[in-house]
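One chain, chain A, links the two complexes that follow: it is found with chain B in the first and with chain C in the second.
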Partner chain A sequence: MAAQIKPYLAALLQKKLREEGRGLNDYRKIEVEINPLASSAGSARVKIGSTEVLVGVKLDVGEPFPDTPNEGVLIGNAELVPMASPDFEPGPPKPESIEIARVIDRGIRESHAIDMQKMVIKEGEKVWMVNFDVYPINHDGNLLDAGALGAIIALMNARFPKYDEKAGRVKYTELTKEKLPMTEIPIMTTFGKLSGTIFVDPTKREGDVMDTRLSITTLESEKASSMQKGGFGTFTKDDVLQMFDLAVEKGKELRKLLKQATSKA
Partner chain B sequence: MGGIGAPEHLIVNGKRLDGRKFDELRPIKIKVGAVPNADGSASIEQGETKITVGVYGPREVFPRHMAKADRAHLNVIYDMAAFSTPERARPGPSRRSTEISKVIADSLAPAIFLEKYPKTAIDVYIEVTNANAGTRAAAICAASVAIADAGIEMRDLVTSVASGKADGELVLDLFQPEDNFGEADMPLAIMPRTNEITLLQMDGDLNRDEIKKLVEMSIKACQKIYGIQKLALKEKYETEKVGIEESEPAAQGGK
Partner chain C sequence: MKRGGYIMADKLFVKDHDVVVPGEELAEGLDYLPAGKAFRDGEKIFAATIGLVSVKGHVLKVIPLAGKYMPRRGDVVIAKVTGIGHSGWTLDINSPYMADLNIGEASSEYIDTNRHEMSEYFDIDDYVLCEVITISDAKFVKLTAKFRPYRRLSPGNIIEVSPTKIPRIIGKQGSMINTIKDYSKCEISVGQNGWIWISGEPEQQARVARVIKMIEKEAHKQGLTDRVKNMMEGK
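Our next item is the complex of A and B:
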């Protein structure tokens, strides 16, 4: 199947066309829903075309890592549940899902989007632990961007639960009004390359046959906080710089969309 | 910069803490044939980072369903020995090692004619015996040499180095304190004949100009490492050639 659609998609991309009629540098339609899940401290539903992910944020109190006693803890995870695609199988996480989780996690962690020093209850003993879990509902490509967007939205809209300091218990169901100390809005943009053509936001069909992939997380300051290449193909230095410029541009677009959605929520 | 055990500065009097210049590699030694049992093997020492790679294959695929009709299955396992880090590393795969195995496979695959070995597996086993930053980059350099040593057809070797930013300076081939406490880390791999990039990762804080400079600095360094890789391969096979020449007269003498 993949072998048959590859030359067709390569020829289409060569003509600067996509199957849905969008341009090489366009995302599919992006829809965002804020806090759809009441059990989470913060949550988000993100649709990019027919790719859909849910991200939930849980806040807990625990011990800091020994090497960072004065910082909270951030842990990102992705579960590629078999419901979301015929390609996903039950069982322990595959390298693909571990890569997705770690790349999304790094984009947020390395941008210092959360001021972790403000997440300390008692230095060296008790800090807030932030967990976010990405669950695809339907996989039609580019889970990286959908998951990263969902994660930052869920984090921006999460509220601390009440913490009973005497009993040392978190009251998960009683959320306060206090939000996480966010400092940045990192945005990930993923590019595909097929037979020399570079394009934004690969669909599942494009993703299955493309030669290679680069994800760049950019910040408002027009800097990058993480990059990750995947797939068996290659890029040139000029490709990388071209994608960097586009990632900055796409980051601005998505940040605007995200701020609009948040102000309505 | 910050955290427990962080040095006050990473750059002192215009030099790095190990005395290197900003664009200076650590001493690199590559030896071909480190694992006699393997079909191809190599070891690399890059400063205190020490890695051995054994390649088996092309051989039967296990589990069988991983076999591909039109090409070889490239199986890369990156493993850190329990004693490779100051604190004992728990043996077995971790999320980190699983991801690194995958990105190393992605970086090596473009250089291998996988399509020449359908329905087989090429198993690349990487053992980090001492870790001092840059392990994935050093592993790629050694692995591509080991694959060549196994006689597997390749377009080119793959050469890699990790660069980054420490105390605001762009520095080549990070060592541990720079990796732990620096501002950015960017491993990159290329096929040195064409400079095509086969691995690119980055964590930290870099602007466009810094990325451009680091890519250029890394490509230049990879060309140097490429020379060391080729020399290592020549050393092994030239020795073997001399061995044959010496044995021939002996064989004739027996007549």
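Our next item is the complex of A and C:
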């Protein structure tokens, strides 16, 4: 379908219009559900338009990496299941799912959103390990932003399970009231570019035809913690600066929405 | 009522526009004729799928609310080219069955494969407006694109809707689709298989797509024509 609809979408974007009637720099409607999963330490369900992802957090105790004996461990994973889209096939992880997991992971890791030094039980021996899994339920584009938003919400609302130090066992189902030591709220904003027009939050149809994309994770301090470019097209320097300013603005918007949702929960 | 020596009571358990579920008993007795996704088992009529009931005289019909496209002879469909062979093309018709377009059915002219590449006529990923000519018992579907208006579709907007909603999108004698065409000045081809091709001014193309999606979503409701007019006027 991509080749067939590309000229139409390019012409539409050139006129600063989107298929759903929103503006170039608008997100689709975002809905957030906090801790929908009873069996995980923390979870989130995020909908951006008809894109839907479920993120679960698991907290475990394990050995730290030898080069960071005084820090906890963060591991992110994404599973593109066939349920989400006919484009996804079962089998070992494909580059797309690895990219999604790593870009979301990097945005959180490099922002130091979790104070990893507070996650140590015994230096060099035992630390808390944070695992988050991103599961798209429905793919209508922009899984990166939905996954990143879901991941940070799930982490912010995750609680430590009970840990029996003597037996060295984690009681996963018994949660304490203690939350993760969060210091930042990194927010990812993904831009697409098609025939010279830059737009926020590409749908699947736009994503299939766009020349290139850039995902920027921004912090409250208006700094970027990570960037990822995809696709074969190019950006100019002005493009990148313009997108960065927009990403900061969108970050503020989403952070507000996220705080509202958290205060309600 | 007396029929064949038996006393029969003809009972109808549903009304027009009722929603029914598979296996639901719709009527008893021999007075009603099942149509669509309704079937007779002995003296009773049941629904075979989830759908809307339509009662017209003695015809009791169940119109499915959801389902895949099942090809029928004479259907106009929009197909996507997925393969090129020695003597024809393989196409996806948004159905469980693939379809074949034989080289003799592709054009009203003679296609000389020594002088022309097959892909000059239909290339992979092209969309073709065509008609179903035959379906074999083994569900081999054959298409034709020999006559107007059947052709390769130029770039435009392709949208996908549930094939069961196509009659509603077309409307009575094409009333709904013609309303949309008149307001939008767009060229629209509706395939029975649920794929719709829209060509015209980009803003109108997007609007038509939104209107059609609205019809798909609200197909079971009444008074859609007025809402379509309002949406097309930009209200």
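By definition in this document, the second predicted complex is superposed on the first by the 265 of 265 C-alpha atoms of A that agree within 3 Å, B and C clash if a C-alpha of one lies under 4 Å from a C-alpha of the other, contacts with A are read in each partner's own complex, and residues count from 1 in each chain.
Following the convention adopted for this analysis, a residue touches a chain if its C-beta (ideal position, glycine included) is under 8 Å from a C-beta of that chain, and two chains touch if they have at least 3 such contacts.
Every value quoted in this text rests on a predicted model; they were computed, and no experiment measured them.
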- request: Based on the superposed arrangement, let me know which partner A:Glu20 touches: chain B (first), chain C (second), both, or neither?
  value: second
- prompt: Between chain B (first) and chain C (second), which, if any, makes contact with A:Tyr8: first, second, both or neither?
  reply: second
Query: Taking the superposition as given, does A:Met83 touch the first partner, chain B, the second, chain C, both, or neither?
result: neither
Query: Is A:Thr236 contacted by the first partner chain B, the second partner chain C, both or neither?
result: first
Field: Touch count on chain A, higher of chain B and chain C
entry: B
Task: Using the superposition on A, tell me which residues of chain A are in contact with chain B and, in the other complex, with chain C.
output: 3
- prompt: Where on chain A is chain B touching in the complex?
  reply: 3, 66-69, 93, 95-96, 98-99, 101-102, 106, 110, 212, 214, 221-237, 239-241, 244-245, 248
Statement: In their shared complex, chain C is touched by residues of chain A numbered 1-8, 11-12, 15, 17-21
Task: Using the touch rule from the top, collect the residues of chain C that touch chain A in their complex.
output: 80, 125-127, 153, 155-158, 202-203, 205-206, 209-210
- prompt: Residues of chain B touching chain A in their complex?
  reply: 3-5, 70, 95-96, 98-99, 101-103, 106-107, 109-110, 186, 191, 195-208, 211-212, 215-216, 219
